[in-house]
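Chains: A, B and C, in written order; residue numbering restarts at 1 for each.
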Amino acid sequence: MNTTLVSELYEQIDAMPIVDIHTHVNWKAPTARHIGDILSYHYYTELVNSAAFREDPFPFDDPQQLTRDIVGSLHHIRHTVQYDWLMSISHEFLGIAPWEWTPENANAIMARSVEVMGSDSWFEELIAQAGIERVYLTNQYDDDLEGLDSSFFTPCLRIEPFVLDILRAQARERMGAVLGRPITTTNDVAALVEQTFRRFMAHGMGYAAISSPAGLRTFAVSDQDAQRILTRAIEGAELDDSDRRTWAAYAMARIADACRAHRRPFHLMIGVNRDVYAHGVPSGTDLFDSVNSMRGYDWLLNAYPDVQFPTAVLADTTGLELVAAAWIRHNVYPSGHWWYANQPTEIARELRRRLDTVPSTKLIGYFSDAYYLEFILPKFRMFKFELAAALAERMERSTIHPNMTSFSLDDALDLAYAMLVENPIQIVGPAH
Amino acid sequence: MNTTLVSELYEQIDAMPIVDIHTHVNWKAPTARHIGDILSYHYYTELVNSAAFREDPFPFDDPQQLTRDIVGSLHHIRHTVQYDWLMSISHEFLGIAPWEWTPENANAIMARSVEVMGSDSWFEELIAQAGIERVYLTNQYDDDLEGLDSSFFTPCLRIEPFVLDILRAQARERMGAVLGRPITTTNDVAALVEQTFRRFMAHGMGYAAISSPAGLRTFAVSDQDAQRILTRAIEGAELDDSDRRTWAAYAMARIADACRAHRRPFHLMIGVNRDVYAHGVPSGTDLFDSVNSMRGYDWLLNAYPDVQFPTAVLADTTGLELVAAAWIRHNVYPSGHWWYANQPTEIARELRRRLDTVPSTKLIGYFSDAYYLEFILPKFRMFKFELAAALAERMERSTIHPNMTSFSLDDALDLAYAMLVENPIQIVGPAH
Amino acid sequence: MNTTLVSELYEQIDAMPIVDIHTHVNWKAPTARHIGDILSYHYYTELVNSAAFREDPFPFDDPQQLTRDIVGSLHHIRHTVQYDWLMSISHEFLGIAPWEWTPENANAIMARSVEVMGSDSWFEELIAQAGIERVYLTNQYDDDLEGLDSSFFTPCLRIEPFVLDILRAQARERMGAVLGRPITTTNDVAALVEQTFRRFMAHGMGYAAISSPAGLRTFAVSDQDAQRILTRAIEGAELDDSDRRTWAAYAMARIADACRAHRRPFHLMIGVNRDVYAHGVPSGTDLFDSVNSMRGYDWLLNAYPDVQFPTAVLADTTGLELVAAAWIRHNVYPSGHWWYANQPTEIARELRRRLDTVPSTKLIGYFSDAYYLEFILPKFRMFKFELAAALAERMERSTIHPNMTSFSLDDALDLAYAMLVENPIQIVGPAH
């Protein structure tokens, strides 16, 4: 690694504004209140639970105790990237150095965090310090969006309720309450989707999104077939896997219809298996399946050539499939590095694959997946460092590669800016 | 990267002659006529279509316009390896520098290309300049081979018609016309295969080859079972997937029989999914499936221990399977880096795996898959650079590795020469 | 690569004692008698067979001839890591330099090896020179353990007979002979398992272990269902795949019961396909399937939260699944780098993934899988070199990474020591 060149590149990339196209930030409470909120992030609770299993749940209601518990176990994960994120938050925002993270200091760290994060101006200070320009949200169809500042936040509609949950009575009831009448027909579903899109559009909608299970397949399903399944669900009949798969394929197409009608992208996040680990912490029970491919999405991607599909994949085994899809399919855009693939080893590989073969205008560099705005900076830094390393390598190669002409610092920075700022705005920029 | 050492190695590897064991070159028109032919290569049309989708087809009949169209979109792919190939062609053969590739210069580039490529001596100049010693072709069973210069071109028989297409009436009719009688029995099929092999052998046949779909399986199938399926196909009966799979397994064995009888290798190219992308340019509609393994070939590889199987895989997920197969199976030879895996990230990984664990005499370094001879040089350069990088790394490691003795420059060059020249000739050298 | 730093790290890591948690060493004859034993290791016979196929078996009964045969073919594999292991053995233990490995010297090499390895003190000298502190064994349920020195050797129970073989009459007969009565009920199976665990515990048992086939799935199976299958097997009825899968799931749980009762770990080695290559040398006929996932183990890992599951995977495609499992599951421990994945390319990738995201206390660095103690040193050196390279890279990165504070030489060595010595003892330390 040419550390001088990587540092030079990193410094300039770090100065670029952050457009974060996927987070779980709550726009009504976007920042942490204290270090307990930060440490309640499942990346910490799950690692501590993994390193030193506890039968009892973490004391989420007692942030002081939670902080003491987590801090007391941090030595197990001091070499991880997740720990590095925490240290960046600590150092950058709280002015607390890594060596101060001792069990004895847990209360002092809490106190300092309340002091900083409890300030009325914290939100403004934080986004200024981190250079965050726009933050995309993850919203349910019935989320309250009144008062949302759409010059900064961009709501995005999570569609799992329509695709996966609707066959359960409880989910339908909640939907019926929003629609104003019971969900009994496919038209009712379409009406709720349309009503939801309109409401989101009024608040500068980003995109529709799903984190889909391994094995999901899309294919043409008639309204009649879908209605039959919905009716049977309403009647309380037992549905089998084939019914569920058929409904899911039907609903994916109806969402794509709405995306087409409202000219909004459909963000695919492919391949999570929910609720796999029986003894996990909250949000720490999901895994993925290495046996999964993008073939299940062929029908959808072909049937909606006028809809844009930014796509993230969870399994490393799907990485080259995504690259190949983005390479030839005009409506597939590789999007960030998701979850278990959101660490340096996978990022480094996927970055090089994408940079070498996919049009530069199609690459969405990164999203943080953050729950609090504080995490955006350290996560983007992790990505930006890998990007700087990849670009430095390319610059170095270009000096001796028989097929390449000079790849200059400016070329590298242009590419980084396209991936981090221009493309996100161009591809998933908010509705006006 | 030790750029000095990589450059030194590269320079010597670059000087080695090129034996290109798989191309799609047309021996009757092996070179491009002008830059329009070069730009019509699907690697450019598909990337431009991917970056900026066009409903209308490219003007393949109007090379001037095609050139203007592609040149106008090149800025989207300026960072890709495909662009680098183009720039090598431009610089090496046309004397046109990268900065001259502007829309304004499109006509001038065309004119210059006609001047160079239209010369009567272009073929000779090109192969001398690129150091191309032998080029393997991709031929259909009914291709005309009369007049082929077998001191330079080596015909290779594509067997998809026998394995996949023959169950369609139109394909059988074409075969019947070549055989001189309708294809009605498995004996007719064997007769056509034998007749074809004999014809190819007379022209210095290389090998039989298939690019097989994900999920293909080989197993023993009786002549009776195969005949039943063929008869039903002739009668116009509907065939199901099981029928098609059974026929494919049968036909693979019959081809292997012919390879055995004529002592020719059987080149496997595993895992393409054809016609997946509905809106693609010609030759730009195929993808692959990450869920695919080499297990389907176990029967074939075991049943024909006396047949050599050079093997390329499309999915990165099959890369280590291929390495393991070549490591223990005496008749499996890792062959090049194919299509979506033909880029630096995959090449670098597979190269290291192969170099570390597979006997050196079994490695076929590279093939270009080119449609025009002009592409052979830049594609081989891409590979040779990765090879130089891998060998330089090995030399550097050997100076401090506790298990290794010195891996010298000569050792590195010997290994490169084996992979690029000796092994290709030894394993798939043309029939005499 | 910073060769100075890597060397400095390697030197200190090399000085750490070796705790080898998985070998196939025979405790009654743990060292080779001569170089013929070393060269009979399937890593050499299979590579030589792969490079130059021989219809006839190797002359395993004539070590002199075997040595001549292998030495005569070593030039085909001189660039492989397997060759490098051999050269380390040769140089370190026999004082024979690589350049002396010529066919002419085969007899002299044999003579020298007899001189060294035939010495009465060879075992003591070898483990002193190699720094081997403890060696885990692979034992069948009926292996004789009387006289085993449990201060050095740790017996581990291979459970394939209970899970896979027991449905065959011959396997049941052998089991019945050990149990003292025929195996006719699930209780008999449980009794034999319990008797076996007790006997192993008396000799400082390490763990129960299985190398499981691709596609194995665990799920709850009732005693009644299992008994039905066992009864049908005893009656000689034909069993289908579903029966075999159900029995395997049942037996996996019964082994986990015994692990729970005796507080012993259950070592999973996931994904081998046995007897795939029909023309292979002994132990050189197995491969793996890239299409395989850890999902089949979800039930087992959830149902036995109090059992520790060190886990190795054979397919590279399962690597990130293992990392993710170890990241959130408290009872999954990534264990070494197995077989076809036991080479630098896979080790380098998996190491970085694991170091970046899994608690440091959960990482079992390496095991040798050796058949003779002589192989332990070169194999551990291969791993230790990759570990030194990964840690050096991390140290270098930490100097410029925006999220990292200094990762010092001491930090690196602490991590290495945890992976190589502390964790193995902590996680799979022998029973007392």
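Note that in this section a residue touches a chain if its C-beta (ideal position, glycine included) is under 8 Å from a C-beta of that chain, and two chains touch if they have at least 3 such contacts.
Only a predicted model underlies this, so the values are computations on that prediction, with no experimental measurement involved.
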item: Chain contact topology (line, ring, star, complete or other); value: complete
item: Rotation angle (°) superposing Cα atoms of chain B on chain C, nearest 5; value: 120
item: Copy pair chain A, chain C: interface residue numbering same or different (half cut); value: different
item: CA centroid of chain A to CA centroid of chain C, Å; value: 38
item: Sequence positions of chain A contacting 2 or more other chains; value: 291, 317
item: Partner chain B, residues of chain C touching it in the complex; value: 1, 3, 6-7, 10, 14, 46-47, 49-53, 76-82, 84-85, 87-88, 97-98, 273, 276-280, 284-285, 287-291, 315-317, 340-341, 343-346, 378, 381-382, 384-385
item: Touching residues on chain B, where the partner in the complex is chain C; value: 291-295, 298, 301-302, 305, 317-321, 323-331, 349, 352-353, 355-362, 393-394, 396-397, 399-405, 407, 411, 415
